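Should a chain be cited, it is by its letter among A, B, C and D, assigned in written order, with residues numbered from 1 in that chain.
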Amino acid sequence: MKNTNKEGHSKSYKKLQTKKTLEEILDIAISFEKTARDFYTALIPNVSKNIRYLVEELAEEEQQHFDLFTNLKENSEVKKQLVKKINTPVEDHKFSDFVKLVDLGDNPDDQTILVYALAREDAAMKQYRDLAENAPKGELKDTFSFLAIEEAEHKLELEKKYYEIIHSGGPGM
Amino acid sequence: MKKIDYRDKGSILNPLKNLQFFARKPITEKLEPRPASASYRGFHINDMDLCIGCSSCQKICDNAAITMVEVPSIKEDAAKGIRNLRPAIDYGRCCWCALCVDICPTSAIEMTREYVHTCDGDDTDSYFVFPSENGIHDLKFAKGWTKTEDSDLLDRIRRPMGEMKPEARINNFDEVVDGFTMEMAVEEASRCVDCGLCEDACPAHMHAPNYIRSIYEGNLEQAVEWMYETNPFSHVCGRVCTHICEDACSLGRVDENGVKNSQPIAIRWLKRFAMDNVSKATIKHIAQKGKTHIKSGKSVAVIGAGPAGLTAAFDLAKKGHRVTVYEALPKAGGMTRYGIPNYRLPEDRLDQDIEVITSVGVKINYNVRVGTDISMQQIHQENDAVILAIGLHNGRSTRISGSDNKAVVKAVDLLRMIPQGDKFIAPKSAVVIGGGNVAMDIARSMARLQMKQHNKVNVVVSALEALGNSFLADDEEVSESLEEGITILDSRGPKQCVISKGRLTGLETVNVLSIFDNKGRFSPKYDNSDLQYHPAEMVIEAIGQSADITLLGKDLIEELDWDRGRIKINDNGSTSVEWLWSAGDMVKGPDVINAVADGHRVANDIDSYLTR
Amino acid sequence: MRPENYQAVPLGDSNEYEIFIGPNHPGIEGNYALKLILDGDTVVKGTTDAGYLHRGFEKLMEGRLWIQNLAIVPRICVPDPAPMEVSYSLAVEEIMGIDAPIRAQWIRVLQLELSRIAAHLFTFGGHAATTGMYTPMYWGVADRDLVLDLFEDFTGGRVYSIYNIPGGVRRELPEGFLEKLSHLLDYLESRQNDYDNLLFTNQIFVQRAKGVGVLSKEDALEYGVTGPNLRACGLAFDVRRDDPYLIYDQLEFDIPTQQKGDAWSRILVRRDELFQSIHILRQVIAKLPSIKGPIRTAIPNPLSWNVPAGEAYARVESSKGELAYYVVSDGGDKPYRVHVRGPSSMHAVQTLEFLAKGARIEDVAQIMFSLDACPPEVDR
Amino acid sequence: MSLESLNEILNKINTIKITHKHKRRIRVDVKADSLTTLLELIKGQASFLHLSAITCVDWIEDNQFELVYHVWSYEENCLISAHTRIDRDDAKFVTVYDLYKPADFFERDIYEMYGVFFIGSPRMEKFILTEWFGMPPMRKDFDSEAYVQETFNWTEYNPDWLQELSDQGGGIAIKPEDIRLSGTLHNKATHREREKAKKEHVVGKGWKS
């Protein structure tokens, strides 16, 4: 399996930049989450059974994002939460930034999967952040900021998991 | 003073002198309780949060006035040494001597200045009092008798453990600590209040109060007997145990509202003392106790001759089963041999533990790597049950840039080489990434080799965690490392291994701003602008470890159930595959005593499986 | 021989009959009884009946940890508990081969002398009451209460101080304690005239007490009499001076004596002793602030404290006389044997029986009280 | 009197063992048959007039009673403790009443508490334990705590707070007599012991859960 992270960035960036409404942006974001979810779901049988839980959790988390964005699009009430979220930004801890990204290969180990997922979230976060910076004030900017925060949050959670699995020997220790 | 003459006839009018009292102001005392003095021994109060339920008050009570009562709403926490027992006092027996106050290890129980209690007729129930922070009548009275440093009855301070001076120990792998003398051991043992919190906290539930008592009585053989009831790795645990027991010890509680300075009993060192002072022959004899001579006809294979595997093997062999242990490496002990340096655990001590275990009839096949030399299927076919206890022998890598250079090595691999006797040339300078005990082990081993070979120590430990706060290694490991000339750079995150022309030149790190999130979960946060460079000929990664499960083969991996990366086991160590059990580090994480406990659990379950 | 509603029993054809004094006679200090055979109102024979307060302390102590016994020993003599604690502690310390720090020894002296004052104040009243005078009893008890206030202040308990521990004392003196003590001593001294007028030179009392219960020096020695009772016969013996313990050899005090050996002599010796105690306490007040240092020599954790095998006979001078604890250890965590030698065991039995013989019935109570016997020392 | 001359007097007893514990305490150990001679000697020749106490110690494992005579000299300011041992099975000894009148009290006390009969003592009869007909209670083989257990009942309390705790599944866990009367302080609070106790108490009484 080829890692498509890097080259995917500019393409999707342009795609998003042209969108002008919240709904349009969310549609794209939803499609990204769907792609990610499908990617992880497809990966599940390819990894050794002992670490399958990692990929399953990743797929599940992407699904949650998918649901969240879909919900956001359809439900105006939820939009209030969007504003609330923007006011509590999540900081990027940069903990995993120096870990080298390698190809997933046919039979990736847990660390490779985590690093891959982290890189993916990092890219998404940065992309939304850029878009938010370049967007004019208003709903559009807010939406991008929100998405950036969502991705940052996911990255942070993954980093905690990364610390537990790689740096301390396993979860719950 | 006026002398009174015996011949004094006085005057019959003498009493009349007292008529002057009509002119004196009468003394009137109000008929109400007078405030008691500041150190009055009145009714008890008990701080429920400070109280740990150790029941020392009950033991010292000379009138048998204290009953320990179970309070279900208090959460028990064996590892922290908290029981849900609290004292209730029978004021029909109490004599207000305050010995309970003076012995309380945590200063939870105290006395107030309240001293009046009345009740109707036969309402004697009101004499049985369950003191809380508010006292008998829920009235806030000022404190009376509380413990002072003078009145404290407990011996709070440990007997110091002598150790080699840094200069003396830095160029060799001799054991650092001296161990107790008989006198010191007896004194240390005498400090014990026999609360048993240690026993509850110990994963293997070692009968620490019993063997401490035996040591106190000078009966070391009996102490060893107590130890072998629960732990065939008593030499090992006497030296390198994580001593959860000592964290639970009621004498180790320090609290800003309670006792300011108190040290737990050196349970681990006492165990070491007893083991070192009983002959191998006697220990072998003790280990035989309870061994059945009836052969069950069943056979069990154990994969991995570490503490978990061998404990299970020990138990099963004593129960009459034929036990074969497969060990990939040339000697037994697992991580205790190939992970722990000699200066902490001399090999001959470990050898003795192993020898005792094999003496009950455990057979170990060395240099047999399952999956390569013999297949899992074959083992399964030849045995009724199989225990997988292979530990965590794969070191994790940071996978930062340059970490694939051959001068970047993993600590577990290096540690394995040192006792194997490999001729290892230490680098003149090394950086260790990691802040746990493994990092300290390799750093200190490296320092010793450097001193031996180059006469100069140059080891830097770079850890994410902050010293004195989140640092993972034990305090004594840190302080001893520092004494040995090792530099510890805490709160540093590895950025890259700097490679120049294919050669490693050093490690670049960034600052770690914080380590915990607001829920106390590890979540390191980097400041990439704060860069540091540590030149080194070698970078040693000592972060996490994982189990090498390839020996299972694809099919078995697929057949087994897993739990977040580890083989899923039930409470008895049984996996989802009927004939397979798993124990030790690979399922519970690295800890010797946990592995021993696991070994017992698995052995018990297998025994009942085989004899059902 | 303890019939309820005891009636005087005529003995055959003689003029003699038997009566029973006690065990709760108001003229008796504590619970014990005297069986008297009377001829008219003259006592032909008196026999002490003890055991009403037997609580088996010596047996109890064999079943309790060394330190737990500290809560028991003061109970052996309620009016004067401090010497019990100190004596027990001294015996254990001797077996252990340790000494209490100097400061603790001074504080112990302070406690002992205060206790002596309290005990004597108690006795004055009791003795007077046996002659029908009750005011000294009210005064004595009221003034004793002021001493108890101080006990409460520095030991945490009014009567059972439980303040000593082998190796020292449990607590530092509270701040300002010595000033308080000094005030109390001033007050007690100011009361001297009152007490003298009311009791010691009051002819109503003196005439009743003079010549009653006369004990010669020889008889006193023969019967093992000690303390004020012995000193009232002219022998200036005091454990504090002649077998000194703690820091008594550094203190200056007189040993008051009288020559006649009767009830009045005995109460006069006690009166003088009270003022000697004040004199000693004044010295303690002057000296104690300059004695710094710890108040306890460390002993092991009491739950596993084995006192090495050995024995010690620790004597102190209580308000009643020679008090001694004979403690034997077999190296265990509890005493193997504790023998309490209370001075009253000599005074309340053989001496009393000796003095009662030939006495008049109305003097018996006074004789009992003038010996200042503490019956639980007999019973234990 | 000098220490030498005192030693000289003491050494008139052939089998004596003298230990000078400190300046005013001398311990001597003599055979039972020379004890009276010893006391006669030190009273008559060394002014040890005051019998401070006689103590009996029950050395049950040696099957012996030890009698200790503490005698004090007002002149020498010195206490001699004379130790002797007698057979526990044949608990008889001669009185020293003729030498020391207070022996009456002490011997009677020992007779009552240990059952040692003093031949010639004026009052070998009941004194303190008038209503006691059991074994002399100070003997080591008399277990007073067991006697108390058999003879008396413990007060059963059931205050509201205890009822409340019992309703929650808690209640009395370790009774004081479990610790105090077991003859050892061995802890009953470990999980192991409590689980064991719980199992035992299911059928028994008193366990509230």
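Note that a contact is a pair of C-beta atoms (placed from the backbone, for glycine too) under 8 Å apart; a residue touches a chain by one contact, two chains touch by 3 or more.
Note that this is a predicted model, so its numbers are computed, not measured.
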Contact counts by the stated rule: is the higher one at A-B or B-C? B-C
Reported most central chain by Cα centroids is B
Quick one: report the Å distance separating subunit A from subunit B, using the average Cα coordinate of each chain. 41
Taking each chain's centre as the mean position of its Cα atoms, how many Å separate subunit A from subunit D? 83
Centre-of-Cα separation between subunit C and subunit B, whole angstrom: 53
Approximately how many whole Å separate the CA-defined centres of subunit B and subunit D? 44
Multi-chain contacts only, two chains or more: what residues does subunit B have there? 59, 194, 213
What are the residue numbers in subunit A that touch two or more other chains? none
When you check subunit D against every other chain, which residues touch at least two of them? 185
Sort the chain contact graph into one of these: line, ring, star, complete or other. other
Going by the touch definition at the top, which pairs of chains touch each other? A-B, B-C, B-D, C-D
Would you mind writing out the residues of subunit A in touch with subunit B in their complex? 48-54, 91, 93-95, 97-100, 102, 110-111, 115, 156, 159-160, 163-173
In the complex, the residues of subunit C that touch subunit D are 1-2, 49-51, 54, 56, 58-60, 62-63, 65, 221-224, 226, 235, 237, 242-243, 303, 311, 313, 315, 322, 324, 326, 328, 336-337, 339, 341, 345-346, 349-350, 378-379
In the complex, the residues of subunit B that touch subunit A are 392, 396-401, 403, 434, 436, 464, 472, 493-496, 510, 517, 521-526, 528, 543-546, 549, 557-558, 560, 562-567, 589-590
Complex contact set, residues of subunit B against subunit C: 1-2, 4, 6, 8-12, 14-15, 17-18, 27, 36-41, 56, 59-60, 62-63, 95-99, 102-103, 111, 144-145, 148, 150-151, 153-155, 187, 189-194, 213, 216
Subunit D - residues contacting subunit C, complex: 24-25, 49-53, 55, 57-58, 68, 70, 72, 74, 77, 79, 81, 100-102, 104-105, 109, 113, 127-130, 137-138, 140, 142, 144-145, 185
